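Handing you this structure, nothing more for now.
Here the chain labels run A, B, C and D in written order, and each chain numbers its own residues starting at 1.
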Amino acid sequence: MDLNWTAEQDANRAEARQWLELNLAEWRSEIGEQLSGDTADGVAQQMLWEQRLFDGGWSVVSWPTEYGGRGGSLWEWLIFEAEYWRAGAPQRVTQNGIQILSPSVFEFGTPEQKDHLLPRMASAEDLWCQGWSEPNSGSDLASVSSRARRVDGGWILDGQKTWTTRGAFCTHLFGLFRTDPESSRHRGLTYLLVPLDTPGVTVRGFGRLDGDEGFAEVFFDEAFLADDAVVGGVVLGEVDQAWSVVVAAAGTERGLLRPPGRYLATSAELIRLIASVDGDRSLRRRAAIAWMKAEAFDLQTLRVITSLLDGGDLGSESSLSKIWWSELDIELHAIAMDALGAAAEIDDEWSKGWQFALSGPIYAGTNEIQRNIVAERVLGLPR
Amino acid sequence: MDLNWTAEQDANRAEARQWLELNLAEWRSEIGEQLSGDTADGVAQQMLWEQRLFDGGWSVVSWPTEYGGRGGSLWEWLIFEAEYWRAGAPQRVTQNGIQILSPSVFEFGTPEQKDHLLPRMASAEDLWCQGWSEPNSGSDLASVSSRARRVDGGWILDGQKTWTTRGAFCTHLFGLFRTDPESSRHRGLTYLLVPLDTPGVTVRGFGRLDGDEGFAEVFFDEAFLADDAVVGGVVLGEVDQAWSVVVAAAGTERGLLRPPGRYLATSAELIRLIASVDGDRSLRRRAAIAWMKAEAFDLQTLRVITSLLDGGDLGSESSLSKIWWSELDIELHAIAMDALGAAAEIDDEWSKGWQFALSGPIYAGTNEIQRNIVAERVLGLPR
Amino acid sequence: MRFGWSEDQLAFRDAARDLLSKECGPDVVRTAWEGAPDPKPWSSLEAMGVLSVLVPEADGGLGLDETFLVPVLEEAGRAALPQPITDTAMVAASLGVTGSVVVTDLGGPIVGSADTADGFLLAVDGGVALFDADQVEREPVTTVDRSRHAARIRATGPGRTVTDDASEVAAARDRGALGTAAELVGLADQMLAITVDYVGERQQFGKPIGSFQAVKHHLANARVAIEFAGPAVARAAWSIAEGADTASRDASMAKYLANEAAAESAKVALQCHGAIGYTVECDLHLYLKRSWALRRLWGDSDHHVDRVAGVLFE
Amino acid sequence: MRFGWSEDQLAFRDAARDLLSKECGPDVVRTAWEGAPDPKPWSSLEAMGVLSVLVPEADGGLGLDETFLVPVLEEAGRAALPQPITDTAMVAASLGVTGSVVVTDLGGPIVGSADTADGFLLAVDGGVALFDADQVEREPVTTVDRSRHAARIRATGPGRTVTDDASEVAAARDRGALGTAAELVGLADQMLAITVDYVGERQQFGKPIGSFQAVKHHLANARVAIEFAGPAVARAAWSIAEGADTASRDASMAKYLANEAAAESAKVALQCHGAIGYTVECDLHLYLKRSWALRRLWGDSDHHVDRVAGVLFE
């Protein structure tokens, strides 16, 4: 056990910190008032930021350099993320591609798909949204009913996706479609890559809980998706075999590691807030408890990365992390709301953060599903 | 709405308070050191107390006078219970009979059974324990497998009951036995009344969590229960129809109303404890919250009694109360443990109370079952 | 001893509930998010006498007490009525101040319906004074619940002194806590009801999600919290109406338990709705955000717990 | 950066686990409830060098640090080893005090193994001094966990001063919190493991109770709490071994999270066992009661939260 960072890692951290400080200041003066990343104007601002990140070589720290990455280890990724959130940099509009799609491209993509998709994802030339949920398929992902029918030279898509984060501002969607009409549940699904400007595809943005247009519905109405609509092909993995891609993605390390720096940064802000409002002893105690939980998440991540580097895999334990960070995020913001008292109802950063935190136990598989997974796959309880 | 007590009710309260003060003092000087009511010597002490209660006319306040009661209303019962717990009087060793058996005797008993059973129960001549749970039937009561086979002049009993509270000190058991060997689940069960000195019945006391011999196993080994082993007959209700008795008992008002005075008394003690150890603000806040919950339980009981007197019935709402008082009892004792700090591990009244409180979410139907009932029967969610 | 609303109180409440279910559905609440609220439900309640329950008959009111008003405020909460009915019908009316919409900063610095109110009851030097709409300056505040139309208010005119008596001001604050507690119990019940309907219909894994034990237990928890907050609110109404010694303590207890019931109901309602509830297209958010605002008005949970602790440990 | 036990540390831990699983099963813990504990597991651990991990090689110890000892203390917790191993192997050893069983009142006024200890390390005027068994008076205390054989201790002889340095005493207290935290993580894991086995076997309503979602979620909550307490304990071991500036804060964080993990595990273990667990015939109570005792030794949760808050809000 050695919790000291190496001199090289310290240097990485210093470099990241300096770069972020300088570039955030420049970007902020360039854009004026910063808008929500879940609005059209806000996304436009953030594209400028993504461009800076990519140009600076910080967009995808742990990817190989050939795909636009920095070739860094998971440690360097973790260090960068800690600095990123500490600096108050904005949530990434590229995150659904980088966190959810890219691990599957790395594992299942053809060389041509990797060469084409990954650099464009890293540079935000393509902005990807996730097409998994449907009006009748939320927690029960295997019940998706959007269809893709094989025709000469491509696929005809029909159906609807929804709750698609930032769908109204993205260029592409990755999604699950039922390609074997005789199939049911998790069999007969194909993982397709769909440009959103495909004729027959309609995107309608709508308001999330905080009112920002952070969600979209995506309608597929006899939309023809040509096999070459995406360089390297529109199918990721094998036809009818999307489920194996989905399952593998849940077990891979890239992307699914939630950066603890985010919660450490929020807990540091919370402590400043409470110190500034002269919080009483019970608020200070609650904040100290939340800080410890953020710190524990950081430590657990260090443990997980050590284990991954030793050749272990993440597996179902990611469900433990998801329960922890999502409930911690609510706790951090609930304490802030209590510290703000009457001012908590003002529509500002803290109350936006509170509302966003409430989505944590819902998205990426509800915490009820995560607890089932912990019970069944980690503890081995009967299904 | 009128939350004032009548002059007559105030007089009842004063009478009860005075009687309890005098008689508790006399009883305490009579017995010396008070022992746990879950030990043989403690039960002997408490029988003296039960005798006093009965002689004073306070054993069963709301029963008709013909059965040894005081003929009081539910309000008078409530007032007496509040005074009883406020005075620090001991838990009743007669309670399983008075609270669980007697409502069914009132509703399903023959006149002869009522005349015989009820006065002896009120005077503690008979001490009843409950024979419902079996080694393989806890939450799932309908799965009981102890059998009663009809023979000339009586029944032959076989099987085993367990977790029978104070079984080692009781004279009689009321229990569910499978009388139709072809039956399954809740059909074919009969509610039998069994003297524990019946040959072939063996009782073995064993330690509850706190180490006191508060539980017993009761073994039935070809035990012959004569039809006249209990005056009025050993079957309560109809043969093979015990389930209707059990269901009705859950909906009747007598007995199932948990006296809120018990938790009000504990919260008053908790406040004294915390004031005495100079508890910090967060302990005081926690105690104030627990006090409010005890008070809310009292108020909800007043609401329920008002509704019962208006002709309503208790029904599944008793599950709401059970969840509330059982979790409140743990909360009250957990705060006390925290206030005691290092002294919390000493085996005394508070730590005994803590351990006892932990049984609350388990007995009388686990709180998991109660929440199912609230969801399905109160809210109408699908089973 | 009789702990339940009277026939008259229930009839009055039921009339308000009928009226609000017809005139103040979620669509009406939504209009208040866009601009001025529909005046209809408010004027219907006014016509029913709800706003003047506490006004003496001699002054044209109903001359009744808080035990008549509180059940109606629960209904106003259930409907998420946009106007600040506690301010007008409970606080202002009890201080003898009438007007169509009277709002006050006694419950906190951020005042609702600031743009349409015709009377402003403001804390002034330990007392309260009444100001007309043209005697105040409004600094609008964008709140999460847009239907509140909130602002910070500063007096620019002299106003009319309503009372200098600190105990009357304290009593007004108790009434504000009580009225808000009643609204919160109604909101909690409404969020639960919407969710019970939803989870009975929504199918996942081949069955209604309401048949999953985790969903059942979430909703059971909300039901338990409401079951025990309701009587605390009713008792506080009675204590205040009777001028009981425990009135302040009872108001605090009511507000605390109602706060917690609303918090529990809001939490499980959103979680059991999942992504569908996490949008402004779903009606749930109207009630959710109102409950968040009311939880901190007229004293948050810590404030009221401290008041109760102050009595218990005095 | 490498956050995991080394091969050597794991091998040492596994050896202790094997030893304890053979020599300190629930039956052995039960004997300590009736009288003096079986000396075998303790002397085996002593022979393995566990008691002298922190003792310099020059003094006949292993000359290793807390990162070797802590994984073994988790195993001692898992086994509910009756003797106070944290007192002896962690606290006394780090102060250069050796002996077969050394106990101390630095962690609280109620001291375990008071009847069999051969050394008593007692707080004296800001420092600590060591007393022999015949230099102390014991006032036995009946504790819920009878296997603790606890007493309040009063010195009757002069003793030998071990240190007068307040910072050494404070460091000893941090080590006590760390060692106890490690024991609690082991206990939490043990209670969970026993319960997972039980709910997989116990049938009600025609299936194992572990297939009910409510039971699953209870146990998942315990697993989550343990998952995040473990790394906090490991980090505190490293911080103390390295003499890091954050050592005290990290020890408090470890103790707090371990306390809460043990509390959660104890709660759900008992609830999921139902009446079967609510008896002294079921082994669960041995671990349950030990966890209750250790939660309040060497500082309870409020104490350690306040220490962390003190650093964060300094």
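One rule holds for everything that comes next: contacts are C-beta pairs under 8 Å (C-beta built on N, C-alpha and C of every residue); 3 or more make two chains touch, one makes a residue touch a chain.
Bear in mind the structure is a predicted one, so any value in this text is a computation, not a measurement.
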| item | value |
| --- | --- |
| Mutual neighbours - chains that touch chain A and chain C alike | B, D |
| Centroid comparison with chain D (C-alpha atoms), farthest chain | C |
| Distance from chain C to chain B - Cα centre to Cα centre, in angstrom | 40 |
| Separation of chain A from chain B, taking each centre as the mean of its C-alpha atoms, in whole Å | 54 |
| Numbers and ranges of chain D residues touching at least 2 other chains | 212-215, 217, 302 |
| Where chain A touches two or more other chains at once, by residue number | 280-282, 285, 368, 371 |
| Graph class of chain-chain contacts, one of line, ring, star, complete, other | complete |
| Chain D-facing residues of chain B, complex | 133, 136-140, 143, 162-163, 206-211, 215, 280, 282, 337-338, 341-347, 351, 355, 358-359, 361-363, 366-368, 371 |
| Of all residues in chain C, those that touch chain B in their complex | 1-6, 9, 67, 192, 196, 199-200, 207-208, 210-211, 213, 215-217, 219-221, 223-224, 227-232, 234-235, 237-239, 242, 253, 256-257, 302, 305-306, 308-309, 312-313 |
| Chain B partner contacts - residues on chain D that touch it in the complex | 108-110, 141-145, 148, 150, 203-205, 209, 212, 214-215, 270-271, 274-281, 285, 292-293, 296-297, 300-302 |
| Of chain D, residues touching chain C in the complex | 212-214, 217 |
| Touching residues (chain side chain A, partner chain D) in the complex | 1-6, 9, 75, 271, 274-275, 281, 284-285, 287-289, 291-293, 295-297, 299-300, 302-303, 305-307, 310, 317, 320, 323-324, 368, 370-372, 374-376, 378-383 |
